[in-house]
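Both complexes below contain chain A, partnered by chain B and then by chain C.
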Partner chain A sequence: MAEFSTSIKDKGNVSIIYLNGYLDAHTAPQLETNFSELIDRDKYNIVVNFTDLHYISSAGLGVFMAYIEKIRENEGDIKLSSMSDKVYNIFDLLGFPLLYEIFKSEDEAISKFKETGNVENKK
Partner chain B sequence: MKPSVNSKRPETLKTKNNIDKKLKIQSRTENLSVIREFIQSAAEEVGMKPGVTEDVMLAVDEACTNIMKHAYKSYPDGEILLKLKYSDHKLTIIIVDYGNSFHPENVPDPDLQKYYRQHRVGGLGMYLMKTLMDEVSYNSVPGKYNEVYLTKYLNNSH
Partner chain C sequence: MKMITANLTNNLKFRLFMGIAVILFFFKIFVPAGDSPGYNIINEILVALTVISLIVYLIELMGYKKINPISMVMNVGILNAIIFFMISFSGSILNLFFDNLQGQPGLVFRIISFFYVFLILSFLAYIFLTFRELFFLKQNRNLNTYFNTMVVFFILASLSSAFDTLPDLSFIKNTFFIISILLIAINSVRISWIAFLQKKEKISLLIISIVIAVLFIVNLVNSSGENIHYKMLASFSPSLARFLNILMIYGAIYFSVLFFTTLFHLPTAEAYDRKAQEVSSLQYFSKLITEVLDFNDLAETVTDIATRVCNADASWILWSGQKEFTTIAHKNIGYIDARELSNFIYKNVKNKPSNGTEVLSLEKFEKISSLSENYLSVAVSPLKIHNELKGYLIVAKKNSSIFNDEDINAINTFSDYATVAIDNAALVEESIEKERLEKELDVAREVQRKILPSRHPEYIGLEISSVFIPAFEVGGDYYDFFEISESKLGFVIADVSGKGISAAFIMAEVKGIFESLSQTITKPKDILISANKILKRTLDRSSFVSAAYGIIDREKETLTISRAGHCPVILIRNGQAETLRPSGIGLGLNFTEHFDNSLDETKINLDDEDLIVLYTDGITEAKNTDLEDFGLDNFEKILIENAKASPDEIANKVIREVTVFSQSHSQYDDITLVIFKWKSKIKSDGEKEWQSSALPLKIKEM
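Showing the complex of A and B:
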């Protein structure tokens, strides 16, 4: 069963990871690989788009914790966008909105990078 | 609540008052989706609201993930037995494993600021289980088996 998939698109200096399906202890390593590959390519401005994510467990939340400091040390950030209420509630229960900026839309998240000057090169 | 002649509950919504089901699976993470489907199908049988069903699915996922990672230390052929019972508007899921015993009292509530510095998380699953279920308890007989009891009362919420 194809229960989880991701795709990555670069928009200017921001990389967007699109999540689809069910993110649990079985599928979390796939997202870890995505973050590792972006870091290897020196891509530290990352937006994660949750539009098509139906489910997240703590193993999925742990992935965001594993990479955030390294990314911020490199003047980047992980910003989250387009979560369903259900998925947002899980983030909220665990206090994640204190550590991560969460936006209603992908465009808002991307524009936040521009505001804070993290996007140096205009497209 | 007593059934009423004027009850607006549609006749087509026939739900069961009692169920008793079991699922035996191996301790590999690919089975987490099987576990969630087992819970979802039972929840539909008793007419649970989707939002409550999702909470129970997540709590059971967390309990089983902990068993796979800690009780069986990612050994893929450990046995996990789920026993699901529903009666008197009370849903109980007992999850049994035969791996290393577990001391829930040693797991503190999560501290995200600390995890941020350590690049890791721990105890999030247990915290979610406590938050999403009405009752969570543990019973461990070292060297024999461990049980997690997860209970949800559906009187007010479904």
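Showing the complex of A and C:
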């Protein structure tokens, strides 16, 4: 399979993981490392940007499942953004839109965090 | 046989020697001593023959032993010490027993003096032989001529001294004597065996050689003085007395030279020792490379030898396995110390272009006080294969010594060998691991093969075809048929996330779940809900199963399906493709009522010639060299075009197209395709057959 790479950027209290290439059983451990590192740093507001992701396999999807529980326990979330139609279709088939919030753009996803964050602050 | 012949000739030589000795004995005891030239000649010839026959016998005897120069030197020293005592005390002891030693000696004295001289004679023979052995020891060139010339002059000098009755001719014996001494001096310079000794041996040799040299000088001086020893010897045979003198001079010169040679060798002794150690280590190691293939054993050996070749106190390897550097094969160092030091070393060397060994002082190491030993410096040698850094070989020294250039050279040479060896071992290990994985995959494929149905149920009016092509790594595809009743056929298609043996085991469990649920629950949606609940106990958080479950009712001519995250079911009817895609989350993705609520169920009436197609993403996501997908549209197009054909033919066509599309790209996922063709007309035509048949379900073996 072809290459896969990730990069992480912090925007305010939201961390964004950019995915590039092909996410499958062989490259999934890299994304797992990214998630564990963010959790270690107490970063629970995570947006995953799929702009440059060409393919995701079932093992790749499993990575999101592995960490979502822990993140939501800590009042954070994984929000997905900027998927190509092909990648969205894979998510859609499995019913991910029912489990994760998927946004057209990264900014939308980030602002969604801000919104809920503000609500919490007001409380 | 050879041994026996050797023994025989030995025996012969011994007998010869003993014979001559006995003749000499009787000659000395019973023939009265005289000054006649005839007596002198016979006497000297007998003595010379005795000495020569003894030497010849001893050569044979010594020839079988392995020569250790130090022990030979020690023997010479001991013999010399005995001779020293014999010379010193012979006078006083003999004086006790014999009042008058002047004049003609009696028989008893003659016998005693014979044995005394005979003992000296034997010692001289042995000492001479030792000189001979030492002379030839470790000589590369053939020096026979030098030694033989010297021996000839020894004989000439000795014999000529017996006939010095004519003072005019004394210059002859003096000439021979002086030439002998010159030859001794020349031959003593050639000492080549010292270099091969270890440092410790050299030091002991230094002390021994000076003691022996002094002994030789003392014996030389004593034996030419006016004492009883000299009298006995000179009256016995003047040439033997001269021979003793010559040998004593030889000894004095040889051991003096030996002393100074050893002294000059001492400073380089360590370097020589190291070189020898290095060579033998490398020899040992290159032998090991071909024999030891266990990675850990080899690493241990590497650090062991590394410690020795550069006189270090500890050694270990920092090896990059898959991703991280780990310390392995600690030699003389605890793993905690090694780890702490490794971290420090790695920080210091990782960004440098590592070309060869580098010495690091540990003075800047902030945790130095936490170490259990006082290491002061380390030498770090990169282990590189094809310019790729595989790790570091590290040797550490305590505060007593630091690394010098020789150490660095040694470790440099050695790490080159070590890298190749370690890499070979790692490759072997890797291939064993690969084999193990392949075995594991074989098991997984076997499990999968047994889980998948080996036959199609045969229902009247329903043609079934199924194709399964496993990927190299088992992909986790599963499909099955359940004969629920005479009119109802249940079917499932599923794809377990992940690959290999873990996917195969989940598949096995999924099969069990659907097999039992299909017998008790009638609604596809409820079956999936129950399956999800059961799977909660076994699936880990990152695993899930996409599945579609359906029931074909022959009687009511309906198809009911429910889908949990799986690819939609395709219905081909009247040249049109329709995807049946009731909503639903994959099994194992959520275990709350959220999952239950997400599930839907689709029910359609079946028409004649309807195609129902189940598949896994192995088909639609099959890739070509440009990594493009085969795609759903392509797939549907082929189905529509071949809709008139039998399910087997359609399946073959699809598989052929997928294979052609992805021929240059290896199949990455399992491919599963199940096609049902509904023939309601055959059903009505075959109604009679159906009723008359005792067995409504016919089983066709695949």
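Methods note: the second predicted complex is superposed on the first by the 115 of 123 C-alpha atoms of A that agree within 3 Å, B and C clash if a C-alpha of one lies under 4 Å from a C-alpha of the other, contacts with A are read in each partner's own complex, and residues count from 1 in each chain.
The rule we apply is simple: a residue touches a chain if its C-beta (ideal position, glycine included) is under 8 Å from a C-beta of that chain, and two chains touch if they have at least 3 such contacts.
What you see is a predicted model, and the numbers here were worked out from it, not measured in a lab.
S.K.: Check the residue A:E69 against both partner chains and state whether it touches chain B (first), chain C (second), both, or neither.
M.R.: both
S.K.: Should A:S58 be classified as contacting the first partner (chain B), the second (chain C), both, or neither?
M.R.: both
S.K.: Quick check for you: in the superposed arrangement, does A:E3 touch first (chain B), second (chain C), both or neither?
M.R.: First partner only, chain B.
S.K.: Applying the touch criterion given at the start, work out whether A:I39 contacts chain B, chain C, both or neither, answering first, second, both or neither.
M.R.: Touch partners of A:I39: none, neither chain B nor chain C.
S.K.: Check whether A:A25 is in contact with chain B, with chain C, with both or with neither, and answer first, second, both or neither.
M.R.: both
S.K.: Which chain A residues contact chain B in one complex and chain C in the other?
M.R.: Residues 1, 22, 24-25, 55, 57-59, 61-62, 65-66, 69, 86, 90, 93-96, 98-99 of chain A touch both chain B and chain C.
S.K.: Name, in rising order, each residue of chain A that touches chain C in their complex.
M.R.: 1-2, 22, 24-25, 54-55, 57-59, 61-63, 65-66, 69, 86, 90, 93-96, 98-99
S.K.: Quick check on the complex: what are the chain A residues that touch chain B?
M.R.: These residues of chain A touch chain B: 1, 3, 22, 24-26, 55, 57-59, 61-62, 65-70, 86, 90, 93-96, 98-99.
S.K.: Per the contact definition, I'd like the list of chain C residues that touch chain A in the complex.
M.R.: Of all residues in chain C, those touching chain A are 473, 476, 495-499, 540-544, 546, 564-568, 583-586, 588-590, 594, 598, 617, 621, 627, 629, 668-669.
S.K.: Which part of chain B faces chain A closely enough to touch in the complex?
M.R.: 29-30, 32-33, 36, 51, 54, 57-58, 61-62, 65, 68-69, 110, 112, 115-117, 119-121, 124-125, 127-128, 131
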